[in-house]
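Down below are the structures I want you to see.
Same chain, two partners: subunit A is paired with subunit B first, then with subunit C.
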Partner chain A sequence: MELFDLFFYIFASVIVISGAVTVLNKNLIYAAFALLILLSSVAAMFFILGAEFLAMVQILIYVGGVLILIVFGIMLTGQVKSVPMRENFVYLLIAAVFTGLLCGLLVTGITARPDMTLTADIASTPIKMLGNLLIGKYYLIFGMLGVLLLVILIAAAGMARNNKE
Partner chain B sequence: MTTIFNVWDFLLILLYAIIPLAYIIPFALMAVYAERKISAWIQNRVGPNRTGPIGLFQTTADILKLMQKEDIVANGADKKLFLLAPIVVFIGSYAAYAALPFSSVYIGTNINLGVLYMVAISCFVVAGIIFAGWASDNKYSIMGSLRSAAQLVSYEIPTLFVIISIFAITQQFNLRELSEMQTSNILNWGIFGFDGLGYKRILLIPVLFVLMIILFISTLAEVNRTPFDLPEAESELVAGFHTEYSGMKFALFSYLNMQICLLFQGWSLRFSLVDISHHLVTSVICLDCHGLFQ
Partner chain C sequence: MVGLNHFLILTSILFSLGLFGVVTRKNAITVLMGLELILNAASLNFVAITRFTDVAASGQVISLFIIVLAASEAAIALAIVLNLYKNFNNVNVDEINSLKE
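What follows is the complex of A and B.
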């Protein structure tokens, strides 16, 4: 067992456990804390797989942006400590069925194309190549995403403005 | 898969990770002393002068006192989060050292995106502060933590803009390469335009000077120091998010917050301590510039 494997399994188990805590805990703040651990372990996973840029963006956007936003949202909600959850057997069954379907889909999707899975031994991302790809080959997608973000930004500014009636 | 998991590798990594502490602790002690003494001079006071010669051991004594203090957890506080939040803050500020080149020899990990990593990992500080404020179950704490988080998040934007412009000028993300670009000659520093741009860098000097000022202001805001001490406003909020903390946990907050400030502002001094031949002059003149400008 290599050091890589050790860290991989540690982070994988942390991801699974903290994900479960995020979903199952009734205290919203605990759920947010578990989400923090979850997101940072995903970033750590990217790190040990050699995708540094992705890891950094993961931390910067999810931990620095989304999680903070969620916590601010939690601070504005009334009921934080015990959120009523649907614990009926029927709901659990539905959730289990859909989770199983999704899991099966992912597993078959990944194992069906073994040529698509890469070995873990990737050199660190050459950031210049990434930039060239974004501006060159994937320019259309990049530009469309930029326009989408701009639209969202304008919409958010419009919604945040006070309506003078 | 051929090699077997080696315990020594693991221990070596741990040892490697502890090295910055050996630098941080004495540096933080002296930096806090310097801050107290200089602000005392500015305000026409004497400052610490009892402990040791000219009060040099005052901060050491303070840390010893903090270590002996009882670790109080308030009755209404959320005990688990109250314990975990300082750890998250500590992770956020200590993990940033992994990408910091202490000298031309020692750097935790020489990743290509060093600066971006340091900015990203500092996000943990914001999360930790909010959790600390909530877990304290105290309205001053929660207000202080929300203010602090809002300030940290908003001043990250100018910092990132400055970093982006530095990237655009140097086309270099690697912190070690970036600092090597600035060695050997005073005119190679970031503020005077970087090495390898020729005479064209004269045009860059005014721009870079403005960038330095922006960066200085935004780093001041990020560490809640005096002009931006809104989150810890003593007259309205008792002490901000660390009102309820005592003992070592308080020490974790305050001294590491302080340390981020020094991390960003004084890594040239750090260089000079470790690698005197390269960086002595740099540290004396440019103490308060951001790391990017050395």
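What follows is the complex of A and C.
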């Protein structure tokens, strides 16, 4: 349990700091690398919560796929050092106030309810259980996601194609 | 003693950071990064709630679906951004205000 707390605090601080860097950094490549650290730390969080399969999927798909796509997007559009924020300071202030307010509201709502702690040590979720759920209870969503991925594949290829002769 | 509330607070902070990024950044790709933050907050929430309550592994399956959706969203969004860059020569969401040149 002690180790669980320690890892939670380490990865939580890494997540918050790298999230802030992702959102606030002027250089887009630095922001992308902060996003890399953030996604890996979320994978580590999955790991300490006993969801090893999900942690692996997070690393494979997010770090290996989505992040590479984003870096390609940054490089292909040549926006590495663009003007990052809205220039108007008032917009920034309003956005900061309202997102801070939202965050405070969420936190007060969460702390108002009784905390739940773990009764037993964390055991890893058996992959067999995940597979049974995927093919059993959530089969409709699973199948629809398959169709969605096919549509996305065709649409992305069609859209990214250079059709100007 | 770390409980469920710690995870919920962490994900609210992550969600707020992502929302701040979405509304303040001008570059379309950074808006996308903010969206990734929000989606990650949601999936971390699902996994944490699965662990601290006894709902089998349903939250983990939903989290898996979120990851798949995020990947397809990123693919489509990048295709759109590349097309925008081809047509407008920038990806500034403030200046892109027509569907066709």
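Structural remarks
What we mean here is this: the second predicted complex is superposed on the first by the 127 of 165 C-alpha atoms of A that agree within 3 Å, B and C clash if a C-alpha of one lies under 4 Å from a C-alpha of the other, contacts with A are read in each partner's own complex, and residues count from 1 in each chain.
In this text, contacts are C-beta pairs under 8 Å (C-beta built on N, C-alpha and C of every residue); 3 or more make two chains touch, one makes a residue touch a chain.
All of these numbers come straight from a predicted model, not from anything done at the bench.
In the superposition on chain A, contact of A:159 is made with subunit C only, not with subunit B. In the superposition on chain A, A:29 makes contact with subunit B only, not with subunit C.
Contact comparison for subunit A: of subunit B and subunit C, C touches the greater number of residues.
Within the superposed three-chain model, A:134 lies in touch with subunit C and out of touch with subunit B [touch as defined at top]. Once chain A of one complex is fitted onto chain A of the other, the partner contacts of A:56 are limited to subunit B, with no touch recorded for subunit C. Of the two partner chains, subunit C is the only one touched by A:66; subunit B is not.
In the superposition on chain A, contact is made by A:91 with subunit C only, not with subunit B. When the shared chain is aligned, no partner comes close enough to touch A:44: not subunit B, not subunit C. Shared contact residues of subunit A with subunit B and subunit C: 1, 5, 32, 53, 57, 65, 72, 125.
Interface residues of subunit A facing subunit B in the complex, by the touch rule stated above, are 1-3, 5-6, 29-30, 32-33, 36, 40, 52-53, 56-57, 59-60, 63-65, 67-68, 71-72, 75, 124-127.
The part of subunit C that touches subunit A in the complex is made up of residues 1-10, 12-21, 23-27, 29-30, 32-34, 36-37, 40, 43-44, 47-48, 50-53, 56-58, 60-61, 63-65, 67-72, 74-76, 78-83, 85-86, 90-92, 94. Against subunit C, the residues of subunit A that register as touching in their complex are 1, 4-5, 8-9, 12, 15-16, 19-20, 22-23, 28, 31-32, 35, 38-39, 42, 45-46, 49-51, 53-54, 57-58, 61-62, 65-66, 69-70, 72-74, 76-77, 79, 82-86, 91-92, 95-96, 99-100, 102-103, 106-107, 110-111, 113, 115-118, 122, 125, 129-130, 133-134, 137-138, 141, 145, 148-149, 152, 155-156, 159-160, 162, 164. Subunit B meets subunit A in the complex at residues 1, 3-6, 9-10, 78, 80-81, 84, 88, 111-113, 116-117, 119-121, 123-124, 126-127, 130-131, 134-135, 142, 146, 149, 153, 156, 173.
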